[in-house]
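Questions regarding the structure given below will be posed in turn.
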Amino acid sequence: MKRVLFVGRFQPFHLGHYDAIKKLLGKYDEVIIVIGSAENSLTSDNPLTTGERIDLIRSCLSEEELSRVLLVPIRDINSNSVWVAHLLSYLPSFEAVYTNNDLVKFLFEKHSKFNIIGGFHKKELYNATRIRELIKNGDPSWKACVPKEAVRFLESIRILDRLVRILN
Amino acid sequence: MKRVLFVGRFQPFHLGHYDAIKKLLGKYDEVIIVIGSAENSLTSDNPLTTGERIDLIRSCLSEEELSRVLLVPIRDINSNSVWVAHLLSYLPSFEAVYTNNDLVKFLFEKHSKFNIIGGFHKKELYNATRIRELIKNGDPSWKACVPKEAVRFLESIRILDRLVRILN
Amino acid sequence: MKRVLFVGRFQPFHLGHYDAIKKLLGKYDEVIIVIGSAENSLTSDNPLTTGERIDLIRSCLSEEELSRVLLVPIRDINSNSVWVAHLLSYLPSFEAVYTNNDLVKFLFEKHSKFNIIGGFHKKELYNATRIRELIKNGDPSWKACVPKEAVRFLESIRILDRLVRILN
Amino acid sequence: MKRVLFVGRFQPFHLGHYDAIKKLLGKYDEVIIVIGSAENSLTSDNPLTTGERIDLIRSCLSEEELSRVLLVPIRDINSNSVWVAHLLSYLPSFEAVYTNNDLVKFLFEKHSKFNIIGGFHKKELYNATRIRELIKNGDPSWKACVPKEAVRFLESIRILDRLVRILN
Amino acid sequence: MKRVLFVGRFQPFHLGHYDAIKKLLGKYDEVIIVIGSAENSLTSDNPLTTGERIDLIRSCLSEEELSRVLLVPIRDINSNSVWVAHLLSYLPSFEAVYTNNDLVKFLFEKHSKFNIIGGFHKKELYNATRIRELIKNGDPSWKACVPKEAVRFLESIRILDRLVRILN
Amino acid sequence: MKRVLFVGRFQPFHLGHYDAIKKLLGKYDEVIIVIGSAENSLTSDNPLTTGERIDLIRSCLSEEELSRVLLVPIRDINSNSVWVAHLLSYLPSFEAVYTNNDLVKFLFEKHSKFNIIGGFHKKELYNATRIRELIKNGDPSWKACVPKEAVRFLESIRILDRLVRILN
């Protein structure tokens, strides 16, 4: 059984994440998705709760995919030196780490021997910070950046209203 | 989509847990399993890490079951008054809570309106504290208390050796 | 017995707070004042300790008011999803929440059924951030923004000297 | 203005506490009551929330007493060396500490110059641990150990039911 | 430069610790002494502060030894899975771990590749728990269990008085 | 035995720190160096771990100096009111505090009676923030700001590469 790790905050889950997971599922038996900053929610940078992020990501995956994707929420700790050990205590065994984040790559290289891969998803195209800005400004073009089911989910929790009220 | 919540520590996962999940999967679309005390590990009461508990539980479930079971590790917080709110922030939406634990029942009754059900699994028969004792004492009868795949997993991580060394 | 809740940081207590409390005491039997960010002190944003804030607020109230005002210091927690539950565990029963803060309003609407009222105090006129700026800059006009007893108290702890030294 | 400090957990508030406060109010202008272990609640040793303890204590005091008693909930910290400094940051100025607890006395002697007084209340007669035991066992003699208003309050929150369910 | 690690709580520092350090200094260039449970103090199990433990240990060492012994206080964290990473972030480079503790050995074996050595000091003879008991009971035989300078230091801070008052 | 306290973060240790320690060693028997923010590391403001800072500082000192310098790492706490008490619980006895930092001076004046001295090291000349900037920008002039042994140590851990990767 070959598993790969994918760490993100998914505020919100977008097509960049989605494409990366699709590609990883093509190469690995299972994908472990760490939902980072699990205890932050209802803030401008972290508008969704962890529970909502689980609902959101699951709503975008097929039944077959659901059986091969592991969602593991993990809270932040305030010490980068301990972060990899913290993650490993929460995670089932895996073989490789997929990341586009320089710090994540640095920490896994320094504190583990995992194979680290990257490069799939298009940062310029899909960017959660920009998507939150678009939503808050009432610009409907955000809907082209996330899977269709994600649009439905985010509208059902009235994300625009939430972002406006939290951000004020 | 009807979901039910099941909270446990799974130190280790045993046939009582397994039977309860089977029965819950017969009545609900999905079962959310909270892996409690997620940050405790490698102690006498919590010998397994959260990652190992995820591996252990998943190894006992079929592919179809895996697509309908959500494993959500959650750390303890030191305030019972806040515990339900803490849990809810980590959990996707659900309809009912399954529990045999008096305190869990009390807290959900006090701080939520969820339907609470109980009574399935046989506490006298399958008990994690007793199973840890049997393993530590080298009594092989523990193997009759957990699913076959769990025996394999626990032996692969040399659980006897671990318990003896941690408990000393 | 009808009680209303009023949440603030009171860094420092000013005429806006004072007027709101007066008005709330006209409509309710008792006012519960949460002194927020209770563990932050001696910083640029939180120059006063919680003890000083208690002394400061009490010095501005009459004996009759003191018997009907409850001061409850509560520390911040780093999870907005749990904040209302955290507050409720510290607070005696009450009926309504008075607030001018969008996030406080959002969180109480999302996680409780309390009646939420607002609108009394004049944000443009009395603003703690601006008052701290005035004090630090040695501009005596801050004295017109706080009750007379507050001027006396803040001068007695040499607030100007403190702000200058903390802020450097 | 002369104030005295009185530290307790008040699980529950009993006649020993009540008598001490009465006597302290005879000698001092105001009594500051620290409600300790503020974040612990709904456990066997700490069945009441902080909010309930505030309600409970206030229900036993007259209006005149209410204007001269300050209730300050403070959470525990896990370092005795820092405990007095932690308390002082939460407390308005005071002159003396009333306590019957050896550790509290030791820590205030070691880390402050406050006058420390003691000896009032009768530990053998009124003891919160014993009162919780009596309640849990359904022994009505606990009602003679607390003020009448406290009986009413504790019955209104169904304390017997709570203790039985929490303690199981 | 060859360094060895020695982890202890040193409540108090005794001849067993002293002998081990002497022997380690004979084999290694420097000894790193972790003063564990650094934030616990003034309790029955941890009567000394970290500062006192530093004073105590240093008072027993010669100038030459002082230049080759590194004292590093480290607080506990509540996760054994992360403990080694936590320690490593506080520690300068070293080659071997000296320990007589089964859990410490288990954790270093599981989470590092350090050489682990043990066996020097005589647990039956010198035992901090027993020494604290002797002191508390006023039995002067504890003085034969610690270096002479340690007797002087512990008497200077009136350890008997402290233990009696803390333990009550 | 006369000891002086010197608090810093040493990210990295530079000639300003070095000169101050030399001067303090001329006036006091021993210098206690608190390595602050001990749990922060591998971030843009705190690139070095505490262990690396210990190695770095020790590598710059002679054997004689090593026997008279005490390195004590202490983590931050998020309450300035408690900071001095927190420090004191970690520190052996001392007589004076050396600092150029206004807040440190303010807190020691408010919460202790130590003699506070300052003024030695040249803030304009040697500044850790500026040194980190120089390193990150590949400007070799940083090497003139730290002791020679520090250059060697920082190059051996590839500080430029680390800063670039962490800061991105």
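The chains carry the letters A, B, C, D, E and F, assigned in the order they are written, with residues numbered from 1 in each.
Here is the rule we use: a residue touches a chain if its C-beta (ideal position, glycine included) is under 8 Å from a C-beta of that chain, and two chains touch if they have at least 3 such contacts.
These numbers come from a predicted model, not from an experiment.
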A-F or A-B, whichever has more C-beta pairs in contact:
A-B
Can you give the whole-Å distance between the Cα centres of chain C and chain D?
25
In whole angstrom, what separates the CA-based centres of chain B and chain D?
38
Using mean CA coordinates as chain centres, what's the chain A-chain D distance in Å?
47
Listing for chain C: what residues touch at least two other chains?
39, 41, 49, 79, 81, 88-89
Assign the assembly's chain-to-chain touch graph to one of these shapes: line, ring, star, complete, other.
other
List of chain B residues in touch with chain C within their complex
79, 81-82, 84-86, 88-89, 111
Contacting residues of chain F [partner chain C, same complex]
78-81, 102-103, 105-107, 110
Of all residues in chain F, those that touch chain E in their complex:
38-39, 41, 49-52, 54-55, 58, 63-64, 66-67, 70-75, 88-93
Residue positions on chain F within touch of chain A in the complex are 39-43, 49, 162, 165-166, 168
